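Look for chain A in each of the two complexes below; its partner is chain B in the first and chain C in the second.
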Partner chain A sequence: MQYGRFLLRRVFHSLFVIWGAATVVFLLRFITPGDPVTALAPPDAGDEVRAALERRLGLDDPIHVQYFEYITDLMVGDFGNSMEVLDRSVLDWIFWTRFLRSLELAISATILAIVIAIPLGVVSARRRHTPADYSATLFSLGGISTPNFWLGLMLILLIAVPVGFIPTGTPGPLLHEAVGDLFAGDPGTLGDWLRFMFLPALTLGTYFTALITRLTRSGMLEEIGKAYVKACRAKGLPETLTMYRHVLRNTLIPIVTILGLQLGTLIGGAIITETVFEWNGLGQLLIERINARDWTMIQGIVIIIAIGFVTINTVVDLLYAYLDPRVMEE
Partner chain B sequence: MISDRVKSSLKREFYQSRAAQVGVVLIAIILFTAVFAPMLTPHDPTTQRVGTGNGSALTDLPPLSPIPGHEFVGTRDQTMVNQTTGEFVNVQQEVPANASHPLGTNERGQDILSRIIYGARVSMLVGLLGTALATLLGVPYGLVAGYFGGRLDDTLMRAADVMLAFPSLVLAIALIGVFRDTSFHTAELPDPFVAAAQGDLVPNILIPRAEHVASMPETTTFPVTVTLVVALVNWVWFARITRGEALSIRAEEYVTAARSLGASDVTILRQHILPNAITPIIVLATIQVAFIILLEASLSFLGFSGTNLTWGADIQQGRDGLSSGKWWVSTMPGLAIIAAVVGVNLLGDWLRDALDPGIQGESGGI
Partner chain C sequence: MGEPILRVEDLTTRFFTEEGQINAVEGVSFDVEPGEVFGIVGESGSGKSVTALSLVDLVESPGRITNGSVWFREPALAARIREDDPDTAAADGEMVDLRRLDDNERRALRGTEFAMIFQDPMSSFNPSITVGTQIAEAVEVQRRATANPRAVRSRTQGFGLLKFLTTSMVPTVDYVSEESRDRAVELLDTVGIPDPASRATEYPHQFSGGMLQRAMIAQALATEPSVLVADEPTTALDVTIQAQILNTLGDLQAEYGMTTVLITHNLGVIARMCDRVGVMYAGEFVERGSLEDLFERPSHPYTEGLLGSSPALDNGDRRLQPIAGNVPSLLDEEMPDRCYFADRCPKAMSECLDKPPEFDADGSEGHRARCYLARDAYDPGDALPEGYFDES
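Our next item is the complex of A and B:
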């Protein structure tokens, strides 16, 4: 199949999925028991007030009209207003700092995970059945089995509290502010950013580190048994070169796909991590809005997360197909 | 459905792998604890022991130390009346560990060991029932999609893909937002042992510690919504893996043979496709139990579960005490979660290694 056709199909499919996700989110509100007008209106409100509120929220139309308006609004990027604070638009509330905070956390955790996990996995596979391998295996089993909110609390207890200079509440500066200050000649903000980011990124990244270590190890072991490795060794290629240039490279391809699928776990983990560290990102906002029963905000946040998730998965798939054209046949 | 070859492979792998044995033992202990909780707990997990007088309070007790000679000491704020001025003053009192509460107590004086024992019930129930429900939803869905193929397959799998657009925790939280105001958010399950010990159904001789059992909570709060939600969030994985299997099995000659002999679609699906697709489903189910236990813990940590007698909720409860030195309230339930999830994961590794000939003898991978 042509790459262009594959790309078009894949993009079309992801647009379909986003539309489906938006529909699911729209329907969620309709199966929710309880009526937003009753929740919002003052207890002594008369029928007129209630009717006005209903009109304001757009709830007086039949469901298909509401759905049509909802989808068309979404297409032009209008997520509506919050149901609790009626003048506040959903997007305004979510963007930008909240969104950036979550994004920074997720990316830092991923980078941390990759930097630690891949060498660990390689060492573990090369020195199979040695103490190094056993510790790496034990670590990765523990990592995928530890709830990250608990891990976060333990890190606060064991690192932040005794060390003192690592903050645990209230989020620090954003990266672009830190970088801006750095160019302005003040590296202090970047230091702050690192201090604030360290524990949350470690908390969120541990599951991923463990997972990637496990995948790298088993993938490497599977590859090492193949004939081309024997050929590399036979022609006298240094072992390190064989491992990193050939074996690791072949191992990484399936890992990338699995990581794409596991990204949901990362986003879910970010929600929990944000709660533990009072990170003030999208996840914490979602929890807060769920508790306020603010459905337009919940819909907005869930859709934004879904769009981000689907987009990254599509990009990963496209990259994967570019690197390994065989997958296009499936 | 499980052939002799598979059984012998399972057995061989079990005897060879220390990890598999550890996993089975861990899970056996936790299941045993969950089932016989009323007989095993030292105290009622819900009783609060907030005393008023000096020494009667059993709040904030530290756990017993595993190292002899080194004891944990907790502190407790006590309000005292200054005898000369008549003012109330806050005094920090040192609290020694108490042997009848080996893992200590929380700020309400509830026994942590008892709460962990009862917490195993919710965790295991949600983990097993949630996975069972997800299997029941996903496997038939995937079988139909993969077996019939074509346009039906396309439609079904597109719809399933929509579910994958949401990270599971995000979808779970949104769904709980929907369902938590319903009347079925939680259900009170009567405890058969307590009922038997209280009534005259069974001679009390047959129940160990009958008097103690009779004083335990009569019901266990079971989070119905959470169970439904974890199943709704995870069934897609079962649908996808089953569909893939069905798609390849339907091309096998024995399926063609069965069809030419006049077997109906239902018969072929039940007697040929499902039994041959079962191994990856079992392996996935084990991984899912671990995942669902973690998901349930996360949801109850966030306060969405509707019951507070769970590991996740207890960790949340101990959070405030962390900064004032009461480390054990959050730490202990977390260790229980790890034990359960490690157990299930080791079990999963064992099943995968034994059932999947591709990567035999290797633990690791997913």
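Our next item is the complex of A and C:
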């Protein structure tokens, strides 16, 4: 019940954020150079053709009419059609291929990071000033300072090329297709999905892994110094239980925040990794559509990213409230 | 004197910091008899808290107990140790030396025989777990220890690896049983918390300081300890609350017959609670004895100074007489080879430039003082000239 009210409030806030993003990207069209008609019309088109195109795209109305239509359409989930490929629905184009692909990559990278980073950070903090700690610190320093494009290229060069069965340069199947095939009795697609996903997720996740390792280590060290840890030991709680149930749990609070923010940026912003691996994700699509002045698509992508961002943040806030009960009181 | 339950011999704890070696506790020895309240009093930085932590082996890096033993009477354990190794140095009669036990044995004792109350209740509870659960954890530890003593001494304390992993990783799978939770509510009731069932589901930040200190006492009782170490249990509380907490502590101590080691800087608390007292200064016991010995016949000028600097109602027109100077540095290289108190002592003599051993003093059998005045009367003719320590 408590969580329900909390969630409701967050969803209400989120709607405002999405509306804001939608408005800003709409207004952006009027202050950026280049327009869809010029991009679409043949170079030798006369005024008549241009006027017809403008009418067809709905750009001849006054701004406030356009804005009103745009927002009311959005409210019923109608993102319109692309301004370049006129009969192609924006939502279909973005969501069912590009968005899912980026989301899968972002989530895989995050999971990879969590699975590696948190145990590494815990070990590093508990065995401070031992070779294990020094190696973990060295790794995280390296991970933070390695640029993605270089790491991606090196992984292709040093792993994908010699090993052979790890493909690069083409996008693989989507997870929902793979799972569908699995239930239909063909596990091969899932194997393909894993093969295709491995290197991009590793590339995208390395910085993230390094960051969380450091955060976990320093957070744990800070928590271990607190008086309640001594109290746990005094009551005879096993050390491992003290570490995981008390210390790590409190360390997770700041980590969850960073995780959420980072995952949000990864969805729309993994352009470099997507380019290196020809991943055909949302970031790449955005750049391509901006070059084509395809404004309905640009609007759609920005709004989808905004929705993804606020959803993740809401989930983070809920987790946060679960981890630290004091949050709920405010 | 009866058989002591706790016998501390020559306990020495040092901190190895970057500034140098700090001698926080230096050769401390004392006995505690079953059921009594033994007080340790001293100024801030005299090493009394570190002594408390050394007793329960909770001294943390860079600190380390470097010498001495803590003998604890536990006949069953002593017999078992001797069975495993007849020539062991860790058992002596019915006593076992906590310092020579292996880590798991020692940790197992911490949950079951020793409990500790800390100074600041607000920071001694985990802020994100309910008070009831935290107390129930202590009950659970005790429960597992009595159900299966051998397993508790293993690394995972009778959890089984699989159960241990699932309870550690999945927060909804709880390793604290319902019975332990019920017991935690009972304990909260025992220490005088109203409406214990609903308070148990609250978080530490929803408690007041006094209530939380009560909860901490409940947590300490959960383990049904033989020895309770209370490190400044009332220092962080309001005066009115202090009195309540001391009453609760006194009642429970009498009811459960717990042996208590009470650390405080407050002589009023000592006078009210303790049977015997040790006075700490610069990491050493400068005087120890019964309550009467210390309050009626103090032998060490430092004890006299402490008494003189605390207010009392019956001589209201008397001015308080603070001890001049500051607590000395405990840094090894700065510690002189003389009586550590000599530079602040109003009765310092040339003899005091040699470090005094412990002397028997007048009064009860166990009254001892680390001062030549316990042996000889003060001779003003032998006094060190005023300002002697200023130049050096």
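Keep this in mind: the second predicted complex is superposed on the first by the 311 of 330 C-alpha atoms of A that agree within 3 Å, B and C clash if a C-alpha of one lies under 4 Å from a C-alpha of the other, contacts with A are read in each partner's own complex, and residues count from 1 in each chain.
The definition used in the following text is that contacts are C-beta pairs under 8 Å (C-beta built on N, C-alpha and C of every residue); 3 or more make two chains touch, one makes a residue touch a chain.
Quick caveat, the model's predicted, so the values are computed rather than measured.
Superposition of the two structures on chain A shows chain C fitting alongside chain B with no clash.
When the two complexes are overlaid on their common chain A, residue A:R249 makes contact with chain C while staying clear of chain B. Of the two partner chains, chain B is the only one that A:I290 touches; chain C does not reach it. In the superposition on chain A, contact of A:W150 is made with chain B only, not with chain C.
In the superposed model, A:R50 makes contact with neither chain B nor chain C. Contacts of A:A227 after superposition on the shared chain: chain C is touched, whereas chain B is not.
Judged by the touch definition given at the top, the superposed model places A:L323 against chain C, while chain B stays out of reach.
Contact comparison for chain A: of chain B and chain C, B touches the greater number of residues. Aligning the two complexes via chain A yields an angle of 90° at the C-alpha centre of chain A, spanning the centres of chain B and chain C, rounded to a multiple of 10. Of the two partner chains, neither chain B nor chain C is touched by A:R88. After superposing the two complexes on chain A, the shortest C-alpha to C-alpha distance between chain B and chain C comes to 11 Å.
No residue of chain A touches both chain B in one complex and chain C in the other. The touching residues of chain A, counted against chain C in their complex, run 226-228, 230-241, 244-246, 249-250, 253, 323-326.
Here chain B touches chain A in the complex through residues 158-159, 161-171, 173-178, 181-182, 290, 294, 297-298, 301-302, 312, 315, 319, 322-323, 327, 330-331, 334, 337-338, 341-342, 345-346, 359, 362-366, going by the rule given at the top. Residues 53, 56, 58, 60, 107-112, 114-116, 118, 120, 123-129, 137-138, 141-142, 145, 155-157, 159, 164, 167-169, 171, 175, 203, 205, 216, 219-220, 222-223 of chain C are the ones touching chain A in the complex. Residues of chain A that touch chain B in their complex: 13, 16-18, 20-21, 23-25, 28, 31-34, 137, 140-142, 144-147, 149-150, 153-154, 156-157, 161, 211, 214-215, 217-219, 221-222, 258, 263-269, 271-272, 275, 286-287, 290, 293, 298, 302, 305-306, 309-310.
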